[in-house]
Structure formats: structure tokens, C-alpha cells
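We call the chains A, B, C, D and E, going by the order they appear; numbering starts again at 1 in every chain.
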Amino acid sequence: MIVSQFLVLSAALFALGVYGLLVRRNAVLVLLSIELMLSAVTINLVAFGAFHDDPLFTGSVFALFVITVAAAEVGIGIAIVLMIFRARRSANVDELDLMKW
Amino acid sequence: MIDYHGLAPEIVLAVTIAAVLLLDLVPIPKYWTAVAGLTGLFATVVPILTLGVLRDETITMLGGSYVVDDFALILKALFVATGFISLLLAVGFVESDRYYQSEFYFLLLASVLGAVVMASSRDLLTMFIGLELVTAPSFLLAGWRKGDARSNEAALKFFLVGVLSATILVFGMSLVYGATGEITFEGIRSVVAAADLGGEPVFVLGLLFIIVGFGFKVSAVPFHFWAPDTYEGAPIPVAAYLSVGSKAAGFVGLLAVCYLAFPDVRDIWGPAIWILAAASMTVGNLVALRQNDVVRLLGYSSVAHGGFILVPFAMAAVYDGAGLEEAFFATVTYLLIYAFMNLGAFAVVMAVADKTGESDVGSFAGLFGYAPGLATAVALFFFSLAGIPPLAGWFAKLVMFRAVLNDTGTWGAVLAAIAALNAVIAFYYYARVVKTAWMDPAPETLAVPEAAARPLAPSLGLAMGIAVVAVILVGIFPQLLAFFGDATKAVAFGF
Amino acid sequence: MEWFDNGWGLSLTVFLPLVGAAVVMALPRRNELAVKSTALVFASLSLLTSIIVALRFDYGDTSQFQMGTDLAWIEAISSRFHIGVDGISLPLLVLSTAITVLSVIYSWNHWPEPHNPKAFLVLMLVLATGMAGTFVALDLILFFVFFEVVLLPMYFMIGIWGDRTKRRLAGLGVEVEMRLYASIKFFLFTLFGSAFMLLGFLALFFKAEPNTFDMVALSELGRAGVFTGTFGFWVFAALFLGFAVKVPMWPFHTWLPDAHTAAPTVGSVLLAAILLKLGTYGFVRISLPILPQQAQDWAPAIAILAVISIIYGSLACLAQTDVKRLIAFSSVGHMGFVMLGIATLTDIGINAAVIGMVAHGIITGLLFFLAGSMQHRYHTREMSRLGGNMKLMPVLGGILGFTAMASLGLPGLAGFWGEFMALLGSFNPLDGLNLGVFRTAMVLGAVGTVLTAGYLLWMLQRVNLGEVPAEWASKEFHDADGFELAAWVPLVLATLIIGIWPKAVFGATNDAVVSLVERTFG
Amino acid sequence: MDFVDWIEQPQNWVFAAIAAVMLVAAFRVVTSKNVVHAVLFLVATLAGSAALFLLLGAEFVAWTVVLVYIGAVVVLFLMGIMITRAPIGADVELDHARRWPAAMVAFAVFGVLAGASVASFENLELVGRVERTGDLGTTLFDRFVIPFEVVSFLLLAALIGGIVLARRDVDVSEDAEVSG
Amino acid sequence: MFLAAEEGEKVELVGGFLAEWAWLIPVVPLVAAAAIVFFGKRLPYKGWELAVGALGFVAVYGTALLIGHAMTPMGFEDHVTLVDAGTVPGLGDLVLEWGWTVDGLSIMMYFLVGVVGFFVFTYAKGYMEGDVRFTWFFAAFTLFAGTMLVLVSAPNMIQLIVGWEGVGLSSYLLIGHYWEDMENVWAGNKAFITNKIADIGLFLGVIVFAIGAGSFRFLDVFEAVESGAISSGFAVAGALLIFLGAMGKSGQFPLHVWLPDAMAGPTPVSSLMHAATMVTAGVYLIARMFPVFDAPAVAGDIRWLLITIGVITLFATGLIALVQDDIKKVLAYSTLSQLGYMTAAVGAGAYTAGLFHLFTHAFFKALLFLAAGSVIHAVHSNNMSDMGGLRSAMPHTFRTFVIGSLALAGILPFAGFWSKDEILATLNHDGYTAALVVATAGAFVTAFYMGRAVFLTFFGEYRGQGQPHESPPIMTVPLYGLAAGAVFFGFLNVPGLYTGFTDWVTARVFVPQEYHPESIDFVVGGIGLLVALAGIAAAYVLFFRDAESQAARDRFSIPVLYPILENKYFIDDFYMKGIINPTRLQIAAAVNWSNDRIIDFAVNAAGVATRVAARFVYDILDQLGIDFGINAAGAVTGEAGGALRLTQTGKVQQYAAVVVAGAVLLAAGFIIFA
């Protein structure tokens, strides 16, 4: 195995996440895309951890933290989406443009 | 391995947070939770002071991941002070309606804790987690006015862009880790120096992604879009905190990473920051000219100030030694001064909004007539933001110019000229607010006697008072703050 | 009195008004008498200390900075609280404190609308600190701070109490109230200049070895030729921008007519009498000694601009219909003479500049007082509606006539020396400067004196003389009252005294200027 | 090492298979017309990543992904979808019309990231090893104890704040006035 | 016989008690003027007593000085620093100081100003009786005399300038005394501005000499010119510039235009202005600086100019006097004409002759004006067409006016004959034949217009309103006083007989090198006298014999010349329409326009442009740019139809797009360049 194969995969996931982030209208789907990007990060981290044969397992630890943070973010995100849905009966992010001027 | 004296500020703050949550369970008026929070923040200053006075040398923990030095302490103090004033601002807001109270204070304090942690972080992971702790509660705080569509929208925009930036940041961190095999700044720095990674694409990519990630936090153009929308929609105290505390946290991260981890590749990040600085100043100021909502105006103004704060970094590529120290000093000093004047500005906006029920520029009209003290405060803070002596802002601008002119080359001069022009442009929109407050007649729709009679919330008054004293005192004796900025130079020492 | 000479005297002069401002702020707004007398007391104390400074000043050694101190201020950027006066700054310092006192006296019963003496006086006192401070500062940063401090009060004075007429302006699609337009224009212009001036200061700081903001030390380095070449050019350009806007020199002058016209009376007086001097003083105190080589390179250009200012200002005066605007434009011309004197880089020229500054301060200040009082009575400044003022108000009219004569440079009155000696200096500028340019400037400047006489006589003709227009014939006018006279008579006397005995100013300035020129360009 | 060498290694077959699944699943996550399908495709992607972690020897991380992501986060997503009544089933309105610009941005991102990675790491070999969970735990609570504690605050904040925001409280939601 | 040294030598002359206290001469009137302003109204005679007292003092002091000087020549031509006004650094002794000069020239002027002034002031009491600003008039009038004395007493050029401009100021005040009428104000302005224009020359000339000599003192300047310290070129330039100044004050062509208009002031003002103060200042200045004008290095280059200007002035203005109806204007133009004589004289190097004419002219011109004032006082009109036949009604005035006229016309033995003769003789002697011819012709013109004035005023029938009557004694007595001077002062300098005047005025530290006639030039004098008589005769023929139809007769002569003269050669029109009005109206307006419309436009436009830029950045870049970019991209990819819709899509994803794109672009850029 070489490092690059993981990196290219992660790059692809990240890029797909970007795509989803940009095209999805539903807020939940946007969140999904972000999760994709974060999973790309974890792949990176674990792969690098293995590559460096780090005695502190930094890569893995970092990945764990990223996963945790991602979970927290999802929680927050869903809460915000719910709140918006209550007010607007819609969870489409592109309808949010009250503030622009 | 763990130095509890060194960790004392964080511990006190953590205890405070717990206390706030627990107090919520006790059947007493909710504002006691705020009092507890304020007391806790105040108490946090004690260990910071003792650390500042008693500590002989830099405390290093966890293999260099966590460090207590002058830089860390001063910024911790700044964060605590920012938190204190923001909390004071928030009391009035939270009390004004049936908002969740203790939760609000809890989140605010948690965010402050994140910033305090960031100040000491010396590795990528701790920095990332600290940053997340700063940011995540503020996503929630931005949406605190649940019934208000603008607040909701602010929260969602802030959240989405924030998470995206965090992702980019952590992706960059992963790449840097991959390229160096280290996450402590010390380690990264030695690897970078030894292996000459300046030409390694992955490393450069990681470095720039990290800068972009922090660029979002400091709302540097073009990563600034969220800021005005969020400030406008979020409750004003939250906007105040975001524009100061959260932004300062971003700068701390940027400073620490750039100076401690990547000093040897400053020819890469220096120019990048040059671009960000120039763009932020120009766009922020130009756009602010067009704003009618004062909070939004302050949002763009904070973008522009972010640019000004970045200016000293921009010349890092060509500096070494003294020049970098100057830049570091300038940035920290600017941050400290900016914190007070911007919080003050938000405080007066709140006060005016309390009186008139609105926050657009026009609502300031006639203020001089019915609330001359408040009008004076408006003038003090907005002109301080504009950098007019003898208000504190001038010194911030001065050290900024000073840092960038340390090198007499063309790029420095060009950036300085851009900054100078921007300082002039900025004056226009600040002056517009002051002009409205002082020179325009009160709008006919405003019931002047009632507005005049409406009292100022004591907490708001206290916050404003602190800021007024700071702005004037520091304006006349800048050494008061410059001393702190000076002390931080040591961080940049040695290259 | 040891303590007094060690900086306390000057510090008191500078900061007493600020203390006064704080005290006034603490007083209740309704108690106008307390407010007014407190302000007057502090302004007078400041004047008193400045007079004591002048009395204790050692006139045998005017080229040295005296009565000063050098204390730590902002160590972090090695800026120090370094103050002191020499023969050049002393007259200007006394002028500024005196004008402040007179302004307070004049204001006693002449409050511009909206009526708010407290705020007005607070601003005036803050302004006084800024003005006096600029003249004593010997540290570039300190200078900059004081230089800027004057902006805020003046901005508010113009903006709050200024002219409320609406006007459609070239380039702006909308009608704006003059006070708002003028105040922001004034501020932006000055800020624009001073932003670059600050960059210049910083560049000097870093070029100096060791790094310093100290004017004295920088002057020595400047003499030693440290600041030369392209660096010097750009620094001089930056400083030039800062000072030329303030002076103001053509073509940076357009803020002036608007600001002076729109400002309330006292604001115009302070603007004309003191604020403009900050720019010229900056040239003499900072640009010339620190950048001697660039000063010589730029001198012909400055002379040309100065002459353009003279001619242009005078011609513009001839086209005015508004008394205040006419006086305002006259400042452009008069300050042109001051700049011409400075541009010669000779001791004659610079002496002329200093006495020109003092004289212009006194005379134009007085003119604005008078214009303000007339507006107070007629509620118009349109000259076409005025006339026969001499008949309605002989005292006021008489003083106006006197002052106009002083302003047109009548020999024997204060205004003469600055003009004449500026011309004298430009006949023989510093060795190496282009004689043709300066002698042409001299001739054109002399032509300017004719135009000056022209517009002032024309102003007198339309305002003071002729039959009383029907509009006013049936109205009762009260001639100058006690407060007005108390404010004006000292200025009239000063005009006469300096006119007859210019040594009152030269006695202080001469040695200082000679040594400046000798050390810098000798 | 050329492609032939690479493909001869058995792990790489596994990798290729997992990667293919992941890419397809990830693509479907961002393109699926059905919201629920999108979430399920995310599950597939994440499962793939867990498998990759196993391949890399990071057992603990792998199981964490399974537990946290697939167990908790996905449920959260599904709940969110239910509550917000996101249109389940085919829905053309789910995406913006500006797919192509977004795709271009995504391609650029991919190009830069992948290009940089390949340029830097070319074909450096990975050392396969197994991370013992015990060792991992030790460093986690020793070296990384501060971030660990901090992250607990983060989770607490997300929890409390999330509840506050997501809660339905009639009184407050009526209040739409602009107050400062 | 009093000369202490030969001509051209420098002499050490001493002062004495009188000279040492002579600073009182300028100071007393100035103090009196100030006192009149502040206390005049409370005094029994409303300040007049102070004024006339001050002038009386000057007259007495001047006479005493003159007598003393006649006995022992005084040469106090030195700085006695009264008030050290400060130094002008860098040029050696370039000191600003006030002092006074007591030498022949200045003593003559003190005497002149004092005596003539005393008579005029006395007269003015009667003339101004009942004027609204009686006190103010005397304040300004005293200031007028005082500033003239400052000028005369000046030992340095700065003090000279002070006095010079002071005279200008006082004349402005006095000419515009009746400022309710705009005509008068204009006249005052005109006088001031014209003089100010000339002052450019004076200022610059002073600058040239002061810089050259390193001193403002006349003596140092003379020294420097003599020693060549001031190069010949500079000296010539300086002299020309000074002469330009003198031309203004002394009303030399073409700067003479202000003087006739200055008649707008009360008659006593005209009288004093034309006799002793103001207009004589120019001639006095040239005389004071005679050592410069006459220096070998200078004289050759500028004499022709002075003579030419003088001659043109004397003839051209004399011709205008022919056609004036206003009696004061006749006298005003005659003054110009006589000033031309003086200028030509000093220009030709006839220092004494020029001054002598100044001296005698002062008496008879003052007399003429006062007498004319007396007439005007009686008939309430300035116009001779409203007069006539006043001989019997105003006998004193008639007698004295005729004396003055004869003196002015240069009829033997009145003063004017002797002084004019000296000028003609000098021109003749020095070979300025053309000038001599014109000057002689000028004598004819002079006699002609004075004859005309006398005949039209005092002979024939009265054509005015009301019943004219003689003026009160306070006005007529001064007339006789001045008439005495007009009769007798010619004998102060009769070549070959008694040349006291020459001795007085040449008693200076720098003794002027000049020619003055040893004896009467009978040929020139005779011709001059004949020509003058012819002029009177012509006037008699034209205006006396048929006085009734003179109005028609006024249009007697040459059709082309008459309108030209009546319009004063169109010079005034040219100044007004060609210079003043364009400057005042078009040019000033253009400058103002450029200020408001160009510079201010630029300034405002810069402001607006900033805001437009802001709008652009905000609306386009900040708010729409992303959409725009995406729309453009959309259009490119064939989705133009959706483009409009796109602008309404959610902003937050645009933000995200920018974040990502920014990050990637930044990264890519640096990777490529790093």
C-alpha cells in the first residue's frame, strides 16, 4: 500500500463533499456532505498515522477527535435545522436570504 | 506532567461553567447564574495574575502541547475580559425577554474556555479542539432568538460556513501532519527547518488550508461573508462577542501557528496574508460605506479591522528578528485595543437600541439632544475605531503602520498606503454614525421624552463604562496596553 | 519656580484646558453661569501659564528648546513625552492660548444654535489642548496626537453648530446641509493628509539609527544627511501631504472655504487663527530640519504652489458674495505668503513665515469674529444685502475697516511684515535654489498684494459703506457689546503692537530661525 | 513501484474494492434524489472508511466510526429528516440547478488535493501495523488529556445548546420582534 | 555760502537740540489723530482744536527747523533709533527701526506740510462745519498729515513704506469721506488700488536695494550704490521699480487716473493732498533717493524714462484740464500736469528745480483748491457752468484765486514763474530740447486752462442757483496766508540773486550732484512768460469776451480731440473694462468656478467614486459577484435559462463556494509558485 492511494481517495471524498455542499438545497443533505468531507479528513489522518508509524498514535487520536467533533457538529446542525424548520416550515438553505444588504 | 498552577485559569473557568449549570437547578432568580458567571470570570483573573507575577519561566506541559507564557496569559486575560464585558452586555439582553438564561451564560463561558485553551495550545490538535469549543457554542448563541427568522438564518449561515471552514482547517492540519509527522508546533518547526518542506505541495497546501481556516475565524476577505449576516441576525451581545472574542481566538490561532510552527516558511504565508490583509481592509471598508444597519456596519468594520490586524503579518516574509517582534507586538496590541473599542461600540448600539428599539443608523438621530452622554460614548467608540487620537484606536493603527513600515521595501510601503487610504475611508462611515447621533434631528417617529426617560440597564452601563475608561486611558497612555503587547514579543523571539 | 521651568509650566498650559473640559463636563448643563465661568477660568489659567512661560523664557538662547521635559510615555514604541518651546513655537503657543480665552469671552453671550454652551465649551477646551500641545510637542508621535486631537472638536463644532443652509454641490447629486458637508470634508481632508504624514513619521523612525521619534535627534540626523535619496523624497512627500492640506495650499485648499464658512463664529476663528498654523508650523518644525535636502529639492515647487495659492485665493475672493467665504478664501492667499516665506529656506523667509502666522492668526481671527457678529445681527452673510454697516454700527464697522486694512498688509500693522518679508526673502532664496522661480514668485506675490487690497476694499465697500439698504433702515441694531469688545480690543491692540514693534515676535523667533537655517542649510 | 507491483499486493485488491464502493456510495450521497437513500449511502461510505481503518491497523478508530457514525450520527440524520419532513422519494427540487459550476469547483478541489498529494508522496510505502487499543488509550489520557477534557465541554455545549434550540417552546417562538 | 562742502561730497552735518527732538513732528499728529478718534467728540470744537494744534505745532517746529537750518545746515540724515523694531536676520544690519531724518530736504517738507497744513486745517473748520462726521474727518485728516510726516522723516525704506501706505490709507478714508455715495467709495478704492499697484514697484525696489545694501537705511543704500556694492543692473532695476512706486503716488501717466477721481473727497482734502501730502510723496521719494537716481551707474539708463514720463504727463493731463467743467477737476489735472514738470525736472537731474517747483506749487495749489472750495461752498456746485460773475460776490476769494492762477500760469513775479523757469532752464541747459519744447507748450496750456477757469468762474453772469456770498473769515484768512506764499516764495531761489532754497535742500549727507542755473535764463524764461501770457490771452478771447455763450463755445475746438480729451484718452475705460472688470468679474468668477466646479468636483467626485466603488464591491462583488460568476459559468455551460433563477438561490452556499474556491485558488497559486 502506498500513502497516495489513501490521499487520492480522501481527496475524492472531499471533492464530492464540496460538490454536495454546493448543490444540495436541503440543510440536512448539506450536513451529510460535510460529513463526507470530515470522513476524508479521518482517512487522511489515519493513513498518515500509519505512514509515520507514530509511537503516540497521533493520527488515530486526531481522527478520533475529529469524529467526536463531527458528531457534536451534527448535533448542533440538526438542532439549528429543526429550529429553522419550526419557524419557516422548510429546511432549504437557499431560501435564507433575509440578510444581505 | 500536569502543572496545576499553569492550568488554574482553565480549571477555575471550568468550575465556573459547572457552577452556572448547577445554579440553574436552584430555585433562585436566573440572573444569579449571570452573577456566578461574572464572578467566575473575575476569579479567573486571579490565577492569570499569579501566573503572570509568580511564574519564573515558561510552563510547558504534555510534551510541548500546552504552554503558559506571557503571550498565553495576556491573551487569556483578553479573552476573560472580553467574556466579562460580553456577559455584561448579554445580561440585559437575556433578561429582556423569556430567553433561556443559564444556558446562554453556559455557552458563552464554554466558548471563552475554548479561547483560553487556544491561547496555550501549542499543537494542532489542541488548537483545533479549542477552536471548535470557541465556535460550536457561538453557532448556538447566534440562534438564541429562536422566534426571529434573522437569528435563525444567522445561526445556520454561521454554522454551515463555520463547519466548512473547520473542515478545511482540519484537512490542512492532517496534511501538515502527514508532511511532517508532527503535530506540536515545536516539532513541526524543527522538521520544516530540517527538511526544507517549503517546496512540498502537500505541506504548502496544508499550511494554506490552515490559514484559510483561521481566515474564516478572523473573517478575512474572501472568507468573511458569514460575518455581517451573522452579526446582524444574532443577538447583539453575541455579535459583540463574535466580533471580538471569537475573532481574537482566530488571531491567536493564526499567530501561534504562523509564528511558532511555520516561521521558516514565512515566505509562503506572508504573501498570502498580504493578500488577505489588503483585500479585507479594502472590501470591509468599502462595503461598510453602504451599510444602514449599525450592527451590520460594525460587522464590515470588523472585517476591515481584521485586515488591519493582519497587516503586520503580511510583511513577515521579508522580516526577521526585530521586524517579526514588531509585527507580533503590533498584532497583539491591536487586538487588545480593538477588543475594548469594539465591545464599547456594540454596547452603545445596544444602549441606543434599548432606547429607540432599532439599530439602523437613522435611529441614532437626535441622540445628542436627549442622551448626550450616550452620544458622547458613540463618538468615543466610533472615532476610536476610526483611529482618531487621543482615543485608543490611534495607537492600534500606529503600531500597525509601524510594523509594516519596518521594512522600507515597496510591498510594505504599498500595503501601508492601502492601509492609510482605508483608514481615511473608514472614517467616513464611522463619522456617519456619529454625525447622525450628534447632528441630525431626532426622527419624528421617535417619542423623544420616553426614549430619554428609558433607563440604561446597569450591566450595560457598567460594560460601557469599562470600555470608555479603557478607550480614553489607553488612548492617552498607550503604554498601559503596549506593555502587554511588548511582553508578547518574546514569542516571536529567536528567529 | 524650578518645577515650572522643568516642563510643568508647559504641561499646565497644555493640559489645564483639558482639565477644565472634564470639570465642565461634570457640571450640570442648566447652570450656564458655572459652566461658562469654569471654562473661562481654565482657559485664562492656561493663558496665564503661557504668559509666565513667555516671561521666564530665556530670550538670549531662543534656538534651544526651553521650559520642557522629556519623560517616558510609550516605551513600547520609544515615543516620549518630549516637550519644549523655542523662539519659533513660543509666539504661536501664546497666540493659541490667547485666542482660546478670547473665544470663550466672545462666546459668553453669542451662542450658536442649538443652544448648548456646555458642550460647546467642552469642545473648545479640548481644542485648546490640542492646539497648544501641537506647538510644544517635540516628539513626532506626540505631535501627531495633538495634531489630530484638534480635529474632533472642530468636527463637532462645524457639524453641530454650523451653517444649516442646504446647497447643491458640484459632483454630488444631492442637496446637503453645509455644516454636514463641511465638517466631514474638513475631517476627511485632514485625515487623508495626516494618515500619510504618520507614515512619513514612521519611515523616519525606522531610518533613524537608533530608532527615535525625537524631533531634535531626527533633526541632527537629518543634518547629517541620513534621510536622503528616494527615501527622503517619499517621506517629504508624505509629510508635505499632511501639512499642505492643513495649511492649506492650493490645490488642497477646498475644505477651507467650506469649513470656515459653515463653522460657527468661534469655530471659524479658531480654525483660521490656530488650526491653519499647525500645517505651516509642521513645515518649519519638522519637514525643513529633518529633511533639509528634500526641502531644497521641493522648495521651488512649494514656492510655485504658494504663489498659485496667493493669486488664486485672492481672485476667488473677488468672486465671493458671502462675507465669511471671502474671509475664508483670503486665508488661502495669506497662508500662501507664509508658505512662500518658508519655501525660500532663508532666515528672512522663515521669520516672515512665523510673523505671518501670528499676524494672520490675529487678523483673520478678528475678521471672523466680526463676520460672526454681523451675521448674528443681520442673519445673513450675503454682501449684496448688506451695506452702510458703518452707519448702523460705527464701532463694529470701524473695527472691521481697521482689520481689513491690517489684512491687506498695510504697513504699520501686523499683516505687513509677513507679506513684505516673504517677498524680501524670495528675492534672495537659499543658495542653489532657482532664482528665476523665486523672483517670479516675488513679483506675482506682490501682484497678489494688489488683488488682496482689491477684494478687501471691495468687501468694505459693500458691507461697511454706502447707504443703508431699505431692508435694514428701519431696524434697530446694537453696536458691539462689552463681551465683543473684550474679545476684539486685545486683537486690535496686538495688531497695532506687532505692526509697530515687530520685535515682539522677531525678538523670540529670530535667533531660533537663524540657527535653524544655519544648522540645517548652512 | 508501478501499477503492476501495486496490484500484486493483496491488500490493494481489498483497498480497491473498498474504495470503489466508497466512491460510488459517496457519489450517490451527493446526487441521490431520495433523502433517505442519501443517508444510507453515507452509511455505506462510512462503513467503507471503517474497513479502510482496519486495513491500516487502526482498529479502535474503525469501531468508533461504526459506533459513533453509523450508530448515532446516522440516526440523528434520519430523525432530522423525519422531523423536517424532508421530501422522501424522488424530488427534482433537491438540488440547485447550478450543478456544473459546483462540479467544476469540486473537480478543481480534487485536482489540487490529489495532485498535491501524489506530487509529494509519490509512491512512498505504508507500513502496515496494528494499533493496540490499550496503547491508544494510554496516549489519549496522557498526552492528549487536555483536548480530551475540552472536547467533553464541546459535547456538553452541543448537547445543552442543541436541546435549547431544538426545543419547541410556543411562547418564545411567537416572539419575532427585533430586540437588542 | 552755507554749503559745508562742494557738491558730490559727503559731509558730516550735525543736528542739535531741534533736530534731536524732531521725532515729535510725525508723532504729535499721529497721537493727535488717535486722541481725536477717542476723545474728539467730547471737546468743545469736536477735535478740530487737536488737529489744528498738531499742525500748528508742526508748522512752528518746521519753521524753527528751517530757520535753524538756514543758519547752520543740519544733516541729521541718520538713524536715531526711536524704537528698535527688530532685526531682519542674515543680511548684516538689516534692522527694522523707526527713526527720523533732519536734513535740508526733510526740513523743507516739514515746513511745507506744517504751514500749508495749518492753513488748510484752519480753513477746513469753516468748510466742514456741520458735517456729520466732522470729528472723524479731522482724525483722518490729521492722520493724513501725520503719515506724510512719517514718510518724510523716514531715514530708512521700511519707515518710508509705512508712511507711504499710511498716506494711501488716509487718502482712502478721506476721498471716501462721503461714503454713502458709492461714487466716492469707488474713487477711494481707485486711489488705493492704483497706488497699491504702484507699490508693487516700491516694495520690490526696496527689496532690491535692501538686499543689495544689506540695510534698509537710505544712507547705506546710497553708500552701496556709490561703491558699486549694488551692481549697476540691480541699481537700475531698483530705481525703475522705485520710480514705478513714485508714479503711482505722484500721478504720473499712465497711473494718474486716480487723482482726478480723488476730488470726491472734501475740498480741504484735495487741497492738502495736492499740495503738501500724497502726490508730493512720489517726487519727494525720488528726491530722497536722488543719490541713487543720479548715480552715474543709474542715471544714464533711466533719465530718459523719467523725463519722458514727466513730459507726457505734463502735456497730456494739461490738455484734459482744458475740457473739464468741474473746477476741482481742472485743478486736479493741473496738479498732474505740474507733477509732470517736477518729475521731468528731477528726472533730468534738476534736483533743486524740481523740489522748488514742488514747494511753490504746494502754496498756490493749496490756495487754488481752498479758493475753489470757497466758491463751491458758496454755489453748492463743482461745475463752472453753474458759476460766473462771482468776482463781486466773493471778493476775497476772487483776489486770492487770481493770485494762485497767475502763480500757476507762471506769470512774473509770482512763485510759479521762478520755479517753472528753473525747470525749463535746466532742460535747456542739459539739452533736452524736445522736452523743453513740450514743457513750454505745457506752459501755454496751463495758462490757458487757468485763464479759462478764472474767466468762467468770476467773470460774466452768474449762472447758478441761489445767491452766492463770501465765505466766513476762518476760510478766507488762510487764503491770504497761502496767497502770500504764492506771491513771495518764488524769491527764495532766484538764480544769481538769492539761492537760499538751493542751499537748504542740498544740505544733505550725500550732496546731490546737479546742475542749477547760475543766473536767470532770460531766453527760456522770456519765452515761457510770453507763452503763458498768450495762453491767458487765448482764454480771454475765447471765454471772457463772450462768456454767456460759452457753453456752446465749450465745444469750440477740434472735433476729434475733444471727445478724446473728454474721455481722458480712454485710459480709465481701458483700465475699467480691460483690466479691473475682467479681473473682478470674469477671471475671479472663473477661478471661483474652477474652485467649486473643478477642484471641489474632483474632491466630491472622489468621495462619490469611493461610494460607487463601495457599491460595486458590495453589490457586485460581495452580494452578486458569486452569482454573477456562477451565472456566467452557467451560461457557458448552456444553462442560461436558469441563470435568472440562480440569482435568487441561497447565499450561504455561495459563501461556501467562495471559501472553497478561495482556499483552492490560494493553495494552487502558492503551490505553483513556491
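In this section, a residue touches a chain if its C-beta (ideal position, glycine included) is under 8 Å from a C-beta of that chain, and two chains touch if they have at least 3 such contacts.
Note that the coordinates shown come from a computational prediction; the quantities given were computed from them, not determined experimentally.
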{"item": "Subunit C and subunit B - chains in contact with each", "value": "E"}
{"item": "Chains in simultaneous contact with subunit B and subunit D", "value": "A, E"}
{"item": "Shortest path length from subunit B to subunit E (each step joins two touching chains)", "value": "1"}
{"item": "Winner on C-beta contact pairs when A-D is weighed against D-E", "value": "A-D"}
{"item": "Central chain of the complex, centres being mean CA coordinates", "value": "C"}
{"item": "Remotest chain, subunit E as reference, centres from CA atoms", "value": "D"}
{"item": "Subunit A-subunit C separation of Cα centroids, rounded to whole Å", "value": "64"}
{"item": "Separation of subunit A from subunit B, taking each centre as the mean of its C-alpha atoms, in whole Å", "value": "26"}
{"item": "Averaged-CA centre spacing for the pair subunit D and subunit C, given as whole angstrom", "value": "69"}
{"item": "Centroid distance [mean C-alpha coordinates] between subunit E and subunit A, Å", "value": "94"}
{"item": "Residues of subunit D engaged with two or more neighbouring chains", "value": "96, 98, 101-102, 105, 109, 112-113, 116-117, 121, 143-144, 147, 151, 154, 157-158, 161-162, 165, 173"}
{"item": "Subunit A: positions in contact with at least two other chains", "value": "3, 7, 14, 17-18, 21-22, 25, 27, 30, 47, 51, 58-59, 61, 65, 69, 72-73, 76, 79-81, 83, 86-87, 93-94, 96-97, 100-101"}
{"item": "Junction residues of subunit C - those touching two or more other chains", "value": "188"}
{"item": "Which chain pairs touch, all of them", "value": "A-B, A-D, A-E, B-C, B-D, B-E, C-E, D-E"}
{"item": "Contact footprint of subunit D on subunit E as seen in their complex", "value": "629-630, 633-634, 637, 639, 642, 645-646, 649, 653, 657, 660-661, 664, 667-668, 671"}
{"item": "Parts of subunit D lying in touch with subunit A, wherever the complex brings them together", "value": "1, 6, 9, 11-12, 15, 19, 22-23, 26-27, 29-30, 35, 38-39, 42, 45-46, 49, 52-53, 55-58, 60-61, 64-65, 68-69, 72-73, 76-77, 79-81, 83-86, 93-96, 98-99, 101-103, 105-107, 109-110, 113-114, 117-118, 121-129, 131, 135-136, 139-140, 143-144, 147, 151, 154-155, 157-159, 161-163, 165-166, 168, 173"}
{"item": "Subunit E residues touching subunit B - in the complex, by the definition given at the top", "value": "607, 610-611, 613-615, 617-619, 621-622, 651-656, 658-660, 662-663, 666-667, 670-671, 674"}
{"item": "Contacting residues of subunit D [partner subunit E, same complex]", "value": "96-98, 100-102, 104-105, 108-109, 112, 116"}
{"item": "Subunit C residues within the subunit E interface of the complex", "value": "169-173, 185, 188-189, 251, 253-255, 257, 312, 315-320, 346-348, 351, 388, 390-391, 405, 410-412, 416, 420-421, 423-424, 427-428, 442-443, 446-447, 449-451, 453-454, 457-458, 461, 464-467, 500-507, 510-511, 513-514, 517"}
